[in-house]
Each structure stands twice: as C-alpha cells, then as structure tokens.
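Heads up, the next two complexes both have chain A, just with different partners, chain B and then chain C.
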Partner chain A sequence: MTPPSPPAPLAPSVPGPPAADETAVRGAVHVVRSGVALLRAEVQARSAYRAQILLGSLGWVVPLAFLALWRDAAADGPVGGITAAGFTTYFAVLLAMSNLWLTGTVVFATAGRVHSGQLSAMLLRPAPPLLVPVAEGLATNVFRLPVVLVGVPVLVLLGGGAVTSDPADWLLAPAVGVVGIVAVTYVASLVACVAFWMTKAQGVMGLVIGLEWVLGGMVAPVALMPGPLPALLVHQPFWYAGGAPAEILAGIGDHGPTVLLEALAWVLVLHLLLRVVWRRGLRRYEAVGS
Partner chain B sequence: MITVRNLVRTFEVTQRAPGLQGALRSVVRRETRSITAVDDITFEAHSGQVLGVLGPNGAGKTTALKCIAGLLTPTSGVVEVLGHEPARRSPDFLRRLGFVMGQRWQLHIDLPVWESFELHRVMYGIGRVSFVEARDELVDMLGLEPYVMQQARKLSLGQRMRCEFAAALLHRPSVVLLDEPTLGLDFESQVQIRRFVAEYVRRSGACVLLTSHYLADIDALCEDVLAISQGRLTYRGSLRAIQEMADDSKRVRARLAQPLQAGTLARLGSDVTVVDHSATQLVLTMPHGRAGAVVQELERVGAVTDITMGAPPLEESLSRLYRGSSLS
Partner chain C sequence: MTGAGGATTDVWEGPPVGSARHAAVVVRAAWKSSLAGSAEYRGDLVVGTLVSIVWLAVSAVPAVVVSLNSAGAGGWTLPRLMCLLGVWYLMDAVMWIVVMPNVGQWGEQVRSGTLDGVLLRPVHSLVLCSFRVVGVQDVPKVLLALALVVTSLVLGGGPPSVLALLAGAVCVACGLVLLWALAVLTSYKVLSHVQWDASFLLHAGLNLGRVPIPLYGDVLRVVLTWVVPVAFLTTVPAQVLFGMVPWWTVGAALGFAAASVVVVVVLWNRELRRYAGAMG
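Coming up: the complex of A and B.
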C-alpha cells in the first residue's frame, strides 16, 4: 500500500508594505478605471445570454407611439411652429436618447440591493458602490446601440425628418444629451436612496418614469406646454437628457451653449447633494443577511 | 489593530399581528420596537491573532463584524480598525480589509471566477505582477484550478465558497473577517480552509476575527475567544480556560433497563447534576474527584446495565458562557 503523500506546503499571499506596482484606490483616475473594469465585466456577463441580448436590443420604443400621434396632429400644418418633419426628427432623437438612459437600472438595482443586503458586497470594495448599477445600465445599453446607430437614422430618413445643418448644433446636442443623462442618473441615485429610509424605493420609480415622460419631453416637446411651463421646463435635467438634444437636432427653438453650462451646473449640484444623502442613508443601512 | 469600545447597535423592527388582517392594519398603524443586537461590547484584537467569536444564533456576532467592516454604523461606541473609523469607508481602509460573509457575493454570478478575480485586481488597485502571484498561489492552495473558468452560478456551494475565499484575500488584507467560513462545506474543504487561515496568519501577521458554529474551526485556529449572548459579551479569554472548565468535571452515562427512582438519584449526592434521565439512560455531571464513588453507587443499582465515563463536551461549557455563567 502506498503511504499518503504529505500535504503540499502552503505559501499564502502575504500582506505587507504596498507592492511597487500597486495603484492608488482613491481619486478620479481610480473611479474611471474601476468603472471601465465594471463595464467590461457587465458586458461580458450579458454576452452569456443571447436571447436576452436579442430581446434587449429592441430597446425602448415608447417614443414611436408619440411620434405617430404628433405627426398625425401636424398633418394639416405645423403645431406650435413644429412641422411633421420636425416631429419625426424630434421623436427619433428622443428614441435614441431614451435607449441610453440609466434611470430604471440604477433605481431598481440599487434599491433592491439595499433591501436585500446585497449592497454590502459593494460597500466592501474601495470604489463607489453606485458605479455597479451604472455599469450594469451602460452594459445593457451597449446592446441597444444598433437601435440608436441604425434604427434612428433610418427612421429619420424614411419618415422625412428635418435635421439641423448647423455643425455647432451637431456638437452641442450630443454633449447636452450625455451631460443630461449623467444628471438624470444622479436623480435616479437620489431616488434609490429612498430605500435607506423606506426599505424599498421601487414605488418611487413610477414617479421618475412620469417625470421622464413629461419633463423629458417624451409626451410632447416642452415648447408645446401651456403657460409658463416651456420657459421653466428647459432648465431641468430630464429635458437635457431627452428633449434638449431632440429639439437642437430637429431645429426646434434656438438653443446655445448655455444649455450645456446649465446641465453641467446641475451635475455638480446633484453630485454634492448625492454625497450628503448617500452618507446619511448609509447610516441607516441595515446590511440584512449574513 | 482592532479596537472596539462600548459598541452598541440597535435596530428598529416593525411588529404586527399575524395574518392578512394584521398586515392590512399595519399599513395604517405601524408599531415598531427597538432591538439591541450588540450591547456595550468592548474588546481588542491584534496583529497575528485569530480571535474566535462564539455565540448562539442571533447573538450579535455578525452585527459586530459588520460594524467592524463599516457596513453598519454603530449606534454608539467606538470602533477603530487599522487607525480608521470603518463607517467612514476610507478606500485605504477597505483595501486592507477582507470579509468573507455567509452570503457570498464578491464573485459576479454570471462571470467565470477568473474574470471576477480580474475585476478585483482593478478595483483594489493591485499591481499586475503581485496579482498574478497572489491569484496563482490562491488557486493552487485552495484547489480552484478545475473550475476557475466556470460561471460562479454553476459552482457547487463548496467550490464557490473557496473561490469567494480567494477573492476576499487577493488583495492581501491585514484584517480578515470570517463569518461562518466553513458553513456547508464538506469535511475536507473545512480542513483545507482551516489550514489555509492558520498559515496565512502565521506568515502575514494578519488579524482574523472568526465566527463559526463548528467548534473544530475555533479549536484549530483560536487561542482566544469572545462569547456573545443576546448582544452582550459574556466571556473574553482563552479557549484553553473553557476546555479546562470542561476537564474539571466528569460525565457519567449509564444505560438503564428501567428508570431509576428519585431516592436512588438523591443518594448520589447534591454535587451530582442530572443532565438527562429517560427510560433507557441516565447522564450525570459531577466534580472531577467524585466520579469513582458515583460509579460504585450506580453499580449497586440493578437497573443499570452499562456505565461509561468521560469529560463533558466543550459545547456544554460554551452553553454556560452563552448564558453568562462564569468559568469558575
């Protein structure tokens, strides 16, 4: 009989002074690096489910319903100065923008993790926990890009949409749209923080969807709203994330770089607000489960 | 390395009457009560120490660990780990902390384990050379080679637990919190994890807090233990003292043909405690020097068919500690 072989010697990883090739775990560079790594991971994770990719790529198509509605309304002449061609471009761009929003993922994923205690795993890492749902949302949107890159131009072309020919508008619209999405993502994160106080925040998501539809210009361009609303609604994040780039590219109204500056100011304010709310919320976090 | 002073953590919990009626009534009128999960706990743990944290379910062990990890903010008291206040979640603190929890979520469920390790590398700022070295060692030591390329969700409990263990140590933490690390593992995996932890501490000087319901884990790894019961610290000292307490008394087990009469039991003496008395067996505990006399007395009783003698199990001493009894 062969005697049992002795156990292999153990040589565990040894903590000690920082290794020479170690990188800092604080600061903007680390956040960006972690965000990119998370995005790569989430895209890989989603690529394991082909049926989901196919279904998800069809994306969010609600703006098409409003496109049909408003084109019909403008069939006999412009509505509030917007022609059928203007509506086509407006809602086609809105379709693209709404496929890039992250609000649903951020609210549902974050609030769900607060409720279930799964946030704990994210809190243990030296990176902002909210990077995770943002990366998850972005990864989902990656697979919706065909709709944005192919479907939307086709829709504009086939629908006879009118687009601006000013190069400055073509630079301004995506910039405002991206900053707007960042701002609205901060709003979604704030909404998710409700879960720290109310255990669940999914109910509040209905309110966010309502805001996206009305304030974002999904139901109608804010320029068509009654009374003082058009003047007010062009100064809030939901419009920057949806209606603003759509109006700029459709040539509706006259929008300059101040829109971008305003959107950036909102991002700064919302960032500072989220820091305060998140810290206070964490004090109430119950880390359920073990 | 770890200082905990007068730590208190309370939770508000909702109370309602059972059933649908109670649920609907609670929508309108909600009653809450406060539960103190951790109640005025003070202790310290040092570099190179594996401190066992013992206690029955719901005693407050995991809550204490979560306060130390910064997952929970203490209601009052002071927690200091590596010079940091954990609840502030400083990145420099988190980088030096490893926490293996019962719920295993460090790995991305839809990714091969290998990819989760890579994600850890970036998030913990581990240099590529150090990472490869640490990863390969851990894969080798924990026997992960056959399944690191599989999706985490497709691993068995034991396989996943070992991978979680590796993920928690990839960044070479100085403080390691292990909450039931061997729960649900087969015997071989338990032994492997114990050997690994012991060697890790020996070589690294890390400080480990370990909760486990498996006394074999505690026995193999911890010289010192804390016992927590109903949120309060009921014992702080060496495991050896608990074992000595067990050795101070003797356990006599008699197989019976029929139950003994009360008078027979009374004759055994007031220092003899009846642990169990049924139709088929009698279990007694007594001071160390009294066992011989008790056995002699039992041998005279016709109903006794067999007698065995030994030390009471360690669990019994622990139960006393959980109830707050002193060791003496």
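Coming up: the complex of A and C.
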C-alpha cells in the first residue's frame, strides 16, 4: 500500500493573483457584464411569477384616473391648447412610461438593505450593490413590457387619441424616455443614500415618488402648471422620464433633439454626484440588522 | 388570587372571553403595543407627518390645475373635487393605518406559519387578523383628510342640511366598511393558495376613486357603481355631502356595506376550514 503523499505546502505554491485579474473585476466592462448576469438571474427568478407581474401592471390605474379628469375638463374645448384626444394619448403614454419606472424598487430595496444590514454581504461581491435593485426592476419590466406594448395602443384607439405623424418624434420620444428613466434611477439612488444617515427613513423615500408624479407630469401636463413652472419643469429628469415622451407623441408643444442632449447631460452629472454621495454614505454605514 | 399550593394565578376579570367587548379590549391592547413599537422611531414619525402633508398637496394638484384651466370637470367645482379628495385621503389613510399592516401581511404570515398563533387566540380570527396592528406613522393623515373635507364644505357652501351632513358621515363609514371588505375579498384566498396576491385590485379600486366616478363615462360609471362599488368609497360620500344625489343613495350605501360584511364573514369562515398552515 502506498502511503499517501504529504500535501504540498500551500503558501509558496499558490501564485499571487495576476495583475490582469485585478483589473478584470473593475471598470465599465465588468459592471456591464455583472449587470447582464444579474438581470438574467432576476428574469429567471421572476419567470415563476410572470402572471402575477402581468396582472399587477394592469392594476396600475392612476394615469387612467387623471385621464378621465382631464378628458372631461377638455370636453367643451381645448384646455391650454390640449384637446381631449391629446390628453388621451398623453396619459396613455404616461401609463406606459410609469409602468417602466424603477424609482420605487431602487429607493425602497436599497434603503431596506441598508436598514437590515443585507448590504454588508452585497458589498463583498465584486459588483456595485446598486446594480441589484436596478436588475430587479428591469427584470420586472421584461414581463410588464408586453402589457404596455399591447395595452397603450388599444387605449389610444378606444379613447380616440391623436398621435404625431412626424417620424422624428417617434424616434425621439423613446430615446428621451429611456435616458430619462436612467436619470431618474440615479436620482432614486441618491435618495436611497439618505438611509446611510437616517437608519429608517421610509417617509423621506416616499417623497421621491410624489416628486415623480408632479414633476414627471403624471398629475397634469407641466405645460398647464401656473406661473413660470412650465418653463422650469421641462429641464429636469422626472419630466424626461414621463411627460416628455408623452408630450412628443401626443403632439403637445414643440420638442427637438436638445431635449435628449439635456437628458444625457443630467445622466452624466447625476452619475458623478452619486459616486461622491455613495462613498460618503458608506463611511456612515452601520449595518443595523433586523 | 392564591391557589391551593400558595401560587398566585391570574384570573381574567374583563369582559367574557369571545364577546365583542373582549375582542375590543384585545384589539386595543394590540394597538397600544403598536404605538409603543413605533415610538422607537420618533424621527420617522415626524418625517412621516410632513410627508403626509406633501402627499396631500401632490394629490390636490390635478384638481387645482383643472380648476385653473377650466370651469370644472362635469360640474365638479374645486370645492367639490377637494371634498372628494379629502374623503379619498381618509380612505387612503385607513388603507395604510389598518388594512395594509394587517390584511397586507396575511401572505407572509401564512408562509412563515405565524398565522397559526393568531388563529389560536380567543378572539374571532377575522377581527384579529384585520385590526391587530396599527400603522401609527399614517395616523396624521386622518386629521389632514378631515380638515380638508371641512374646509372644502365651508368653501363650497356646505351641506344643504344637518341631515345631509349626517348622511354624508354614514356614507363615509359605509365606504370604510367597503374598503375593508374589498381588502379581505382580494386577500382571503391566501389561506388556501399560499402565493395568492390580488392586492393590485384593491389598489386599483382605491386609485380609481381619486376622481369622480361619473367622469369615467357611462359604461364604467355603471360598472364602478353597481358591479364593483368603487363609487361608494369616495364619490358617493362627497355627492351626499353636497346634496348632489337622491336620498335613496344612502340606503344603497348601507345595503352594500351590510351585504359586504356578510359575504366577507361567510367566505372567511369557509376558507379558514381549508387552511392547513404552510410554515416555511
């Protein structure tokens, strides 16, 4: 019987990680790869509840309630230059956009993880923790998208909505909407960082949803707001994520590619701001635990 | 009381166990416990109050902007829309104070097995499962809602008579009962189907009540009044307070509320017999 050979000494034989491996878990490419992997996992996890997600998106009726209010207000004539048909398209597109917003998921999931201490484990992974709630929200959107793509045209048709006939607008609206959602997701991440300073701050977190409703044009087109508000509100992320694509497709106002450029500039500024706030917040992280 | 062995034993000296008064005592004790628990986060309570004020302002924006830009949708002037908003805010407050902390937790309680402990207590299970926990953070909403209703009534010329005021109060109470019944109806199936979640219907119903139901058009008006009585949550109380509908509407509200309680109790008891626990 051959005696077992003694184990080789570990320390000298284990090579140090090559420099290439260190850079492999950093940088934009790694973040994108991590994000895609997370998204794939979240989509698979949600596929078991796809019917529930689908039905849940049917339960989101707030834009429909405001549509009824505004259509009736415009029954006797245009309100602020917007006809009943314009309101129908506006709120139908808003119904679609608001179904795809990630704000609630990012704010409440991140703040909850800070409060419960779950963030500790996430910080050990070689990927930004904020990618997780974003992937969760996007995975839900994968199953909501079919409802939106079918439901909104049906709503526009049944409600007698009027849409723009300019092909450039049809390219601009989704582009502004997507960039706007990215910008608002950054805002949501910044708000979630409040949890580092206030252990439990669900109330403050809820405010961002309220901002989204008013500044995003959910309760009324910003063009109908009083005083200087219409001129101011068309230069902030919430409007790009909701009101802008809705107005463009409904033919309300005159919007050009500068809207898209402004939205992109916001994304850049918010990205840099989040880097600073996240690092400062992490220094305050206490991992309370539940 | 001292037992035979000299040991002290506690004897219940309150209302008879199983009576309605006993249930009220138990629920009140549970609410005190919730209040004590929320006192740990006083800062959050203060912030929550401020946030409630901001949310009320957010909810008021559509009505205000509509009235700034038009003569009022379908005869609903600003005070009338504000009264409806006040009633809606009251319903929303009760939703987050009572409904969501209790009914909204049934799924998790079934999955974790904690519902078993609740069912063993000597109080009707539906009462305990529906009203045990109170979300203290949202309590200020009730005061805000009532203040808005009173203000809008004063600005809008008030109720036509004292009787209309009383009838409006009765309709608000009926709306609260219907809200609770709708919550139970969308959630009671979780007792036998662990992953059941139809709460989106409850949220959809309440959100549709943000605006007067007649504005939804003829077909939806009939559906949302007589098939799924969403109108009785917010629109009918506001209409009664302003004398916009005939008196028999109050009777209809009472009838819907009474019928919903009977239906909910029957369905709950039937579903409870199918409950087998699903401790995870």
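Structural remarks
Here is the rule we go by: the second predicted complex is superposed on the first by the 257 of 290 C-alpha atoms of A that agree within 3 Å, B and C clash if a C-alpha of one lies under 4 Å from a C-alpha of the other, contacts with A are read in each partner's own complex, and residues count from 1 in each chain.
We adopt the following convention: contacts are C-beta pairs under 8 Å (C-beta built on N, C-alpha and C of every residue); 3 or more make two chains touch, one makes a residue touch a chain.
Note that the structure is predicted; figures quoted are calculated from it, not measured.
Legend: residue contacts after superposition of the two complexes on their common chain; A:Trp213 is shown touching chain C, with no touch to chain B. Touch criterion not met for A:His271: it reaches neither chain B nor chain C.
With both structures placed on the common chain, the touch criterion links A:Ala45 to chain B but leaves chain C unconnected.
Within the superposed three-chain model, A:Arg280 lies out of touch with both chain B and chain C [touch as defined at top]. With both structures placed on the common chain, the touch criterion links A:Gly56 to chain C but leaves chain B unconnected. In the superposed pair of complexes, A:His30 makes contact with chain B only, with no contact to chain C. Of the two partner chains placed by superposition, only chain B is touched by A:Ser120; chain C is not.
On chain A, the surface touched by chain B in one complex and the surface touched by chain C in the other have residues 49 in common. Within the complex, the chain B residues that touch chain A are 11, 62, 66, 69-73, 87, 89, 91-92, 94-97, 99, 101-103, 105-106, 108, 110-111, 115-116, 118-119, 122-130, 133-134, 137-138, 140-141, 151, 169-170, 172-174, 179-180, 195-196, 199-200, 203-206.
Every residue of chain A that touches chain C in the complex is listed here, in rising order: 49, 52, 55-56, 58-62, 64-66, 68-76, 79-80, 198, 200-204, 206-207, 210, 213-214, 219-220, 224-226. Contacts from chain A toward chain B in the complex involve residues 7-8, 10-16, 19-26, 30, 33-34, 36-38, 41, 44-46, 48-49, 117-118, 120-121, 123-127, 282-283, 285-287, 289-290. Within the complex, the chain C residues that touch chain A are 41, 43-44, 47-48, 50-51, 54-55, 58, 61-63, 65-66, 68-74, 137, 195, 197-198, 200-201, 203-204, 207-208, 210-211, 215-217.
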